[in-house]
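Heads up, the next two complexes both have subunit A, just with different partners, subunit B and then subunit C.
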Partner chain A sequence: MSYDVLRAISAEHVDALASGATLLGSGGGGDVALGALLLRRMLEREGAEPVPVIASDELPVDALVVHAGVGGAPDVLAERLVDPDDCARAVEAVVAQTGGRLAAVGVIEIGGLNALMGVIAAARLGVPVIDGDLMGRAFPRLDQATLTVAGHPIAPMALVGPLGDTVLVTRSSAAAAQALMVSSAAAFGGAATLAMFPTTAGTLVEHGVRRSLSVCVGLGRAFLAVDADAPATVAAEQIGGRLLCEGRVDQVRPREGRVPGSITLIDRHTGGVVRVDHLEEYLAVTIDGRTVVSAPEVIVALDHRARCPIRTDEVRLGQSLALATLPALHDWPSEVAAAVGPAGFGLRVEEPA
Partner chain B sequence: MLRLGIDVGGTNTDAVLIDGQLVLAATKAPTTSDVTTGIVTAIGRLREEAGFDPADVAAVMIGTTHFINALVEGSRLAPTAAIRFGLPATSALPPLVDWPAALSKTIGGHSYLCHGGHEYDGSRIADLDEQEFRDVLDKAVQGGARSFAISSVFSPVNAEFELRAAEIIAEQLPGAPVSLSHEIGRMGLLGRENATIINAALRELAENVTTGLTETVLGAGIQAPVFLSQNDGTLMDVDHARRYPVATFASGPTNSMRGAAFLSEQSSCAVVDIGGTTTDVGILQNGFPREASTDVAVAGIQTNFRMPDVLSVGIGGGSHVGSGPIPEVGPQSVGYRLTQQALVFGGDQLTATDLAVAAGRADIGDAARVAHLDPAVVRAALDGVAGRIAEVVDRMRLSAEPIPVVAVGGGSILVPEQLDGASVVVRPEHYAVANAIGAAIAEVGGEVDRVFSVEPGRRDAVLDEARQEAVDRTVAAGARPGSVRVVDIEEVPLAYLPGNATRIRVKAVGELSLGGNDA
Partner chain C sequence: MSLPSVADLLAEPILADALVVAGSEGLEREVADVRWWTGESTPVQDQLVVCGAEPVTPSYRLDALVRRTGEAGAAGLLVVGASVRPLLSSLRLADRLQIPVLWLDDAEPVIIVQELTPRVRAPELVRARTVDRLLRQLAPRHTGQDIVAAAEGVLEAPLALVTSDGTNLLGSPIELDETLHLDRPVAQRGRAVLVHPVLDPDANRPAAWLACRVERAAESRMGLLAAGLAITEPFLRSWLTAQRAHADRDVLFRARLLSEVLSGRDSVSRDVVEGAVSVGWQLPEWHVGLHLSCDDPTASDQQAAAPERLRAALGEHGITLTEAVDRGDGWALWSSDEAEPGAADARALLRAVRLATAALPREWGMVVGIGRPHRGPGGLAETLAEARDAAYLASSHDFRPAVEHSDELGVARLLATWQQSAVTRAFAETALAPLRSNESLMATLRAYLESGGSVVLVAEALGVHRNTVTARLQQIRDRLGVDLDDPSQRLALQVACRSTGA
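Take a look at the complex of A and B:
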């Protein structure tokens, strides 16, 4: 599907942005509602300017872009909330380290809460936000970003806690950056605002996921326009997706640590057995022993009522779900399947014997 | 042991008298604006009908939509101060931030932030600054606030600041109503806080209503304790209701489903409630409605209450019937004008009710007025209706196994005797007073919803600990020890947190302990 190019984000875009981000979250990426509240409040404030949206190729090739977001436990964010000032502080800490003038803020992942956090950081800092991101959906790890895959450094990276405590990582491998992010977030009570991937606009033209903010808002608009009574096939089509199955949740196996959990559904129409593997996000759908969709493609679970997207932590036994898939926003090179595909989560793609 | 169940709805006040599993009498009276007159009338009619001795009534259970209506209408709300402990965190979204402007203004718009709050592990974000809190309190009182809603970050894990705030208010403003978020809502600050503010705003009304209810029941010569129905289908005593009016919000649909299930002697079933315009389908598991997994907004305010999971479809007794060989039924409906506009009632609109009469399923109005309808078309239309109802039931039920379907409501004649996916279709008597029956049969409940640290190999021990806590709370809420059982357990590992933090929610219920006569 092609969507209009977004030039600026104002209060009227917040619902569509949040809705699109929820869909691209592939069942994870945290609670978008928190980001929507924050952003709406910032943009509705008297005298607030819309946040300009700019494509990476519209900036000088050497223009500095820093990526901003939050990391940590959604349940902690739901209690302690997020402060846009902390986001801005994290970006400023990275800029102070790299030197130069910040031209724009980038979105780390377009799926879930972080789609909005990038826009919020840009709004607070008074700079444009890049029409793009680094994942094309939501992923749990920093090695699953396009820039990491392209060999680009994550650091300098800054993490800011709710009391203003700041951790600045000046140099780091991808693995260490991930471990430092997790342990710093833990030290800050389970969540932190982050800034990372300082880069140039030119690098993003080459290695970023492009136009994903425009796609996100367009997708959200299309989804919000779907009639609540529309059959799931129609709902899936209207968002440019494909319906995989409709069925009832027969079994819920929670994840254990980093080992993915799964949900089993029975297809209402065919009686087929459908397994959905998930960690924080839905990762793969396997029907009757054959994997039909897997990450980095986006998997959406829609509740039978109001057709609202259901996160992995909201799935309940006996619930009726419609599963659909959206095409990946990024054309990942095949050699990185080990990072962003099922294998990156310790899953095996199944083919019938 | 006699129980009196009363449902105060927007239009009617229903009353039933129950002895064990037996419905002795049921009646309806118009609801009055003062609530109590309608109840007095209903109890009076019940006495005429059943001739019971008020001294034999062991308990009075009341379900009411009075409080949720007050919020929706934005009337009779107390000026309320919303005070949160969370600084330096949470300042970007202060209390009342997501309320509709008009409703926030109605309760005075008093929103304050103080230092404090906790982390998920119970450690402090910041210490409580008592002077800061006392200053806020002064400001709120000067601003006209009479009721106080206190929230604190992660108070379900550690409630010390909310409790200390309550002590300070009790000391400075003796008797002022205080609502504490950890006693009202679940994890999730804004939803819990909103529920607490709503509760605080309803406290003055609750004082009046509960006092009125107690006096009314006493006035009818009934000395028995009075209970109110809660959202989850369990009971709270009248003193608890005075302090937690918000807990009555979803009691209407819950009581209706539980009442219907009780009447049909089913504890796990689908309840299909067909009114004039819509069909609402809910699921009961172990006698309790399955809850929706997403949060609900009440009067435009996001709360984290769980409401019964109900799926609606636009089919009712008054649904318009289209033309053609397989006519569409609904979603347009003549609604409450059914008795004027349907063919069988002398009107000129072909409705779903006319189809049921033409097919001989019901004897309502003048059947001669639908005798001209083509039987094949009638059958095709009714089959279509049955198919759609069956589809909704199918979407809602828990497994592929057929389940009992309990059909209630004025339009339940549209449910055929054989429904796809139904093991049996039951049409209980007295369903018109299902709400009051749901109230009368209610039990006492207790719940735990908290973050536990589940060390490897200790999952069972931690679950047992949570179970025990839920059972203890149920007994503390007035259940007879020994009758308490766990009805729901939910376990969600928290993402990205060390120490295997897991959110565990356990719900238990037990029979109401009524002194020595309930053995």
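Take a look at the complex of A and C:
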């Protein structure tokens, strides 16, 4: 499905952006509500300019782009308001380390809260935001970003706590960057604002996921336009997705550490037995013992009236769900399936036929 | 032979702890073989697929396994030793595909496959192996308990020896159902039980039934159990025969031993003493003999029920007797004690025997005589002789049960003779004539004499004041013209009072 190219983000786009980000979160990516409030407030302020959206190929090849977002515990991020100044500080710390002039801010992941955080950082710094991201959905780990897969460094990386405390990592492997992010976020009370992946517009043209902000807002708009009483099939169609099944949740087996949790429901149309495996995100849908969809494809769970997407932590016993899949924004090369496919999450299912 | 179903295999002892977690609608599917799951290429058509923990851990992986085995036409899936809990999705899927999923914790998958395979592929092998083990196990057993326990162990099923009326003699409690024809001495199958007759050693009728509980099982297992019962039966029969011979020999031995003690008196031979020790008789101690006879011969027919019941009843009163020895006209029983029993013991014994016999069936017509305590082998002969005499006297009473103690015997006999004589009666008529018309004086006199001349006891017995008694005694003296303080006069009057009876 093609969506209009987005030129700038103003207050009117916030709802669509938040909805689209939630859908692309594949059930994870964190609660967007606080981020949406924050962004709307910034854009509605008197004299506030819309945030320009620019495609990476519209920038000079060597223009500096730094990616901004938040990391840490989803529960903390859902409740603790992020200071946009912290985002700016983190980006500035990375720019100071790399040298040069910041041309634009990039979005780390288009799924969930971080889709909004990139825009918030750009708004505060007064620079355009890149129409793209590094994941094409939500992923829990930094080694699941396109740039990491392509061999680009994550560092220099800056982490800023709510009191302005700053951790600057000048050099790091992907695994160490992940560990440093988790431990710093813990030290900062569970969450931190981040800036990482300093790169050039040319690299993003080659390795970034392109046009994802446009897709996200378009997707959100399409979803918000769905009639409240429309059946799930229609809703799935309108967002360019494919309905997998509809049914009532019969069992919720929570995850145990790194072992994925599973949700069981029975398809009310075919009687098929449906299992959805998840960690933070929905990872795979298995119908009658056969896996039909798995990461990196985006899996969306809608409540029975198609009013809102349901995150993994919101699934309850007895709930009526419609499961749909959205086409992936990025065409991952088959050799990276180990990182972004089910195996990358420790999930041992067969590949969908 | 027909193939076993999944449900049949579930009845095998090795799967006793297995749970059917899903797909119970497919339990009647026939199992052609047992197969260890090695991956998708495993041919599993109509087979019971066995797998360990690996293919089902984490639990979501069971879904794919159920789907693959179900699509490949497996008869069932047995998961062994997995510590995970299956997901609802796997269970629903198994239900949908109607493939039974069996769950067995705490077991070695290799052993399970090894044990189940011959049960499916070659049941006759299992049967031969069981028969062989059963024979080996039964050969060294001597008691009925051991035989039943050994057979239970080998056949891995609850066994019992029961009578036709359902009384359990040995082994686990097993109920016989009414579909069985217990009047026919042939092996039979009830609703949830297999029975095999254990023939009477002396007659061609079942003395008891060897029963085995089977809820449900494959034909092959049923056949195996039936064969197991048939093999166990001769061992039980031979034990019954030995038991009976032993009991008969015991009775004869005791009777002969006792007659030697009685005839030898104090000079018993060494053989006799050794024999007495072997049956638990303490010859050198003090003995109190009992002699028991019954008017009703059937009471003694019931395996000497009367003496055993009396012995048991006295046991409840704290009196331990030796086993009864048949003396032809009755049974001799006795108690032995290191110390000489006192008069109080004799009274307690008499009282206990009276209570005990009163509690036993009256129609048996029990007559018991009790001897006085005597010491040593000669003493045993003496007390038994006294007991027999006492029993003889007791049998002349017209009531049953009758008990007599030889201590009271001499006086009672003498008095009985006197009381019956015409001379005494004539004397009584004459001597007591002055009191005939006055019942209260007569009662006072009788009470006075019986109480040994105590005014206080008489007053208590009659419920009157002492002075009344004294006044009445004065009247009696006046009317009869006798001196109540003269022992001879008192004796004559007492005999007269007793002979009048009233």
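The working rule: the second predicted complex is superposed on the first by the 348 of 353 C-alpha atoms of A that agree within 3 Å, B and C clash if a C-alpha of one lies under 4 Å from a C-alpha of the other, contacts with A are read in each partner's own complex, and residues count from 1 in each chain.
Just so we're on the same page, a residue touches a chain if its C-beta (ideal position, glycine included) is under 8 Å from a C-beta of that chain, and two chains touch if they have at least 3 such contacts.
Since the structure is predicted, the reported quantities are computational estimates derived from the model, not experimental observations.
Following the superposition defined at the top, how do subunit B and subunit C come out on subunit A, clash or fit?
fit
So if I put the vertex at the Cα centre of subunit A, how wide is the angle out to the Cα centres of subunit B and subunit C? Nearest 10 degrees is fine.
60
Touching A:V274 in the superposition: subunit B (first), subunit C (second), both, neither?
In the superposed model, A:V274 contacts subunit C only, not subunit B.
Have a look at where A:V349 lands relative to subunit B and subunit C in the superposition and call it first, second, both or neither.
Touch status of A:V349: second partner only.
Regarding the shared-chain residue A:L43, is it in contact with subunit B (first), subunit C (second), both, or neither?
neither
Per the contact definition in the header, classify A:T264: touching subunit B only (first), subunit C only (second), both, or neither.
Only subunit C; A:T264 stays clear of subunit B.
Considering only the touch criterion stated at the top, classify A:I130 as touching first (subunit B), second (subunit C), both, or neither.
Once the two structures are laid over each other on A, A:I130 reaches no partner at all.
Look at the residues of subunit A and decide whether subunit B or subunit C touches more of them.
Counted on subunit A, the partner with more touching residues turns out to be B.
Once the shared chain is lined up, is A:A88 touching subunit B (first), subunit C (second), both, or neither of them?
A:A88: touches no partner chain.
For A:V70 in the superposed arrangement: first (subunit B), second (subunit C), both or neither?
Neither: A:V70 stays clear of subunit B and subunit C.
Who does A:D250 touch here: subunit B (first), subunit C (second), both, or neither?
both
How far apart, in Å, are the nearest Cα atoms of subunit B and subunit C after the overlay?
Minimum C-alpha separation, subunit B to subunit C: 11 Å.
Overlap the subunit B and subunit C contact sets on subunit A and report the shared residues.
Overlap of subunit B and subunit C footprints on subunit A: residues 250, 266.
How about subunit A: which of its residues touch subunit B in the complex?
Residues of subunit A touching subunit B: 28, 33, 37-38, 41, 71-76, 78-85, 140, 162-164, 182, 185-186, 189-191, 229, 248, 250, 254-257, 266, 268, 280, 303-305, 308, 310, 313-320.
Mind pulling up the subunit A residues that touch subunit C in the complex?
Interface residues on subunit A, with respect to subunit C: 250-251, 253, 259-260, 262, 264, 266, 271-275, 277, 286, 288-291, 347-350.
Can you list the subunit C residues touching subunit A in their complex?
58-61, 63-68, 70, 87-89, 92-93, 96
Which residues of subunit B touch subunit A in their complex?
Per the stated touch rule, the residues are 86, 88-93, 97-98, 117, 119-121, 123, 125-126, 153-154, 187-190, 283, 290, 292-294, 302, 309, 311, 314, 394-400, 451, 491-498, 500-501, 503.
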